[in-house]
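For reference, the structures are reproduced in the following blocks.
One chain, chain A, appears in both complexes that follow, with chain B as partner in the first and chain C in the second.
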Partner chain A sequence: MRQVAGARRGLDMWLVQRASAVYMAVFLIVFLALALTAGPLDYAAWRGLFAPLAMKVAGLIFVAALLAHAWIGLREIFIDYVHFLVARLALYLAFAALYLGCLIWAVDILWSVQ
Partner chain B sequence: MRFRIYRYDPESGNAPRMQDYDLAMDPAGKKVLDALIAIKDTLDESLAFRRSCREGVCGSDGVNVNGTNVLACITALEGLKEPIEIRPLPRLGVIRDLIVDMAQFYQHYRAVKPYLINLDPEPENERLQAPEDRAELDGLWECILCGCCTTSCPSFWWNPDKFLGPAALLQGYRFIADTRDQATNERLDFLEDPYRLFRCHGIMNCVEVCPKGLNPTQAIGKIKSLLVKRAL
Partner chain C sequence: MNRLANRRRPFFLDLRAIRLPIGGVVSIMHRASGAALSLAVPCLLYTLMLSLRSEEDFAGVVAYFSSGLGWFIGLGLMWALLHHLLAGLRHLGFDFGYGEEKGQARRSAWITLVLAGGLVALIALAGLLGGGA
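Moving on to the complex of A and B:
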């Protein structure tokens, strides 16, 4: 069969991967600075870090960025190494479901902090 | 000096093998190609390899020496660990011994339309270009299509039929960067693909091996930047 390529895609994924990396880097620096200046990090202080709504939102975006970054990375690996398309699609979907589950779980964890 | 050279003749029906040669040669000032020619002249006339200009201009003697893709004619024998292992460029089909089938490589090269597309009436003499526009092409036009970069790229190894590879992408960008070219959009359309362009993960094997010191990764980065610019 004639070679089919030229999906006019890939740029969006590439951009999301770069943007998520930048967000994670910035978040980690800010978060570490906050954590280190918050005094002794006992259980109460650690909980206190996550009490403000802003931190919950920023933390959730971090988890979303991490999962998006990881999924796109896995997609690249699958495109490179898994050439049987049914298996590749199954892997895409399996990890998408798994990561979506992780995201919802992260919501539950973050918003459980009062 | 001891050499260990890849031998394969598909027509013979025998499996590929490595053959050792002991060559009496003073390595001082000599290149790998000198040794290959000496082996063919004095030890084994059946050894097959490509070569032409013997000074790093034609790009026909790309081989893998001790695990690195090089041009045999400009790689010094001195300092190479013995036995010096010489293999054909990775991932391309072997026609015989060190001669590889470049058809796939050239197909990708042709796919990027490596020529100026300009629909304006042809000028009397030449299409003029400002010196600073011309300077944009430095580091792009020098490619000799030896294939060292593309065959050192794992993304090409895994998807040789779909990923264009660093050499073709560098040439693609050479015409995208050319102010005289009028098909930039069509060129970008063609490249915007999960395979053709976005298999590149920027590991820079291509930069490391390029015998002309070019930087395909940077050219690929510039293509991506243009795609972003166009999309936003």
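Moving on to the complex of A and C:
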């Protein structure tokens, strides 16, 4: 794979994996704290959580971190178990396309809350 | 690296004969939970979309995760998230040089396994007592 991906990419991904993990952990704790202190979590309160612009932006960064983290993790699994190079690259591309779609979808979902 | 030398590496994968150490068990579960969560991402986004779209859909999502198959799926996802999160924190510790000694690493592996399972059991219990399921 070194010829295809470049030797330094592994270190970059190692860093992205850890940075995204830390962001997600912090976001989840803050989000959980906000949700638990918002009173009874009915539909209005649930939507209210996503109303502030700060939550939309922080939430979108969370989704982006999640998708990057998931893609890099899946890449590790494919490297271990999918040895036919064309199949492995096809899986990389398929999940990259799927997750890119998810990111755009997340923008739509988050900004649908007024 | 020489490709031929690479191909001659010994290969042993008799799952009945392999006894994984506890760190290996936590590691393979870290991978399995990560894979499950990665595949669940589109479903989770769909759930988020429904929960925010309308009052009826929000009630539908709550009802789905409150009973039957949905209750187990919710707990399964919760376990996958907690195990993956705790195992990840353990690895971040290793990255900074904490707990790398064998005894400490075995202990943190057990803590990861038991804490993730225990927290999910508590959540399940709280749900049952709170009128869920």
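By definition in this document, the second predicted complex is superposed on the first by the 107 of 114 C-alpha atoms of A that agree within 3 Å, B and C clash if a C-alpha of one lies under 4 Å from a C-alpha of the other, contacts with A are read in each partner's own complex, and residues count from 1 in each chain.
We adopt the following convention: a residue touches a chain if its C-beta (ideal position, glycine included) is under 8 Å from a C-beta of that chain, and two chains touch if they have at least 3 such contacts.
Bear in mind the structure is a predicted one, so any value in this text is a computation, not a measurement.
Novice: Using the superposition on chain A described above, determine whether A:113 touches chain B (first), chain C (second), both, or neither.
Specialist: A:113: touches chain C, not chain B.
Novice: Looking at the overlay, does A:9 come into contact with chain B only (first), chain C only (second), both, or neither?
Specialist: Touch partner of A:9: chain B, not chain C.
Novice: More residues of chain A are touched by which partner: chain B or chain C?
Specialist: Comparing touch counts on chain A for chain B and chain C gives C.
Novice: Under the stated touch criterion, which partner chain does A:74 make contact with: chain B (first), chain C (second), both, or neither?
Specialist: After superposing on A, A:74 lies in contact with chain C but is clear of chain B.
Novice: Once bound in the complex, which stretches of chain B touch chain A?
Specialist: 154-155, 158-159, 161-162, 189-190, 192-199, 201, 224, 227-228, 231
Novice: Of all residues in chain A, which touch chain C in the complex?
Specialist: 18, 21-22, 25, 28, 43, 46-47, 50, 63, 66-67, 70-71, 73-74, 77, 95, 98-99, 102, 105-106, 109, 112-113
Novice: Sort out for me which residues of chain A touch chain B in the complex.
Specialist: Within the complex, chain A contacts chain B at residues 3, 5-11, 13-15, 76, 79-81.
Novice: Along chain C, where are the residues that touch chain A in the complex?
Specialist: Touch list, chain C to chain A: 31, 34-35, 37-38, 41-42, 45, 48-49, 51-53, 55, 58-59, 85, 88-89, 92, 95.
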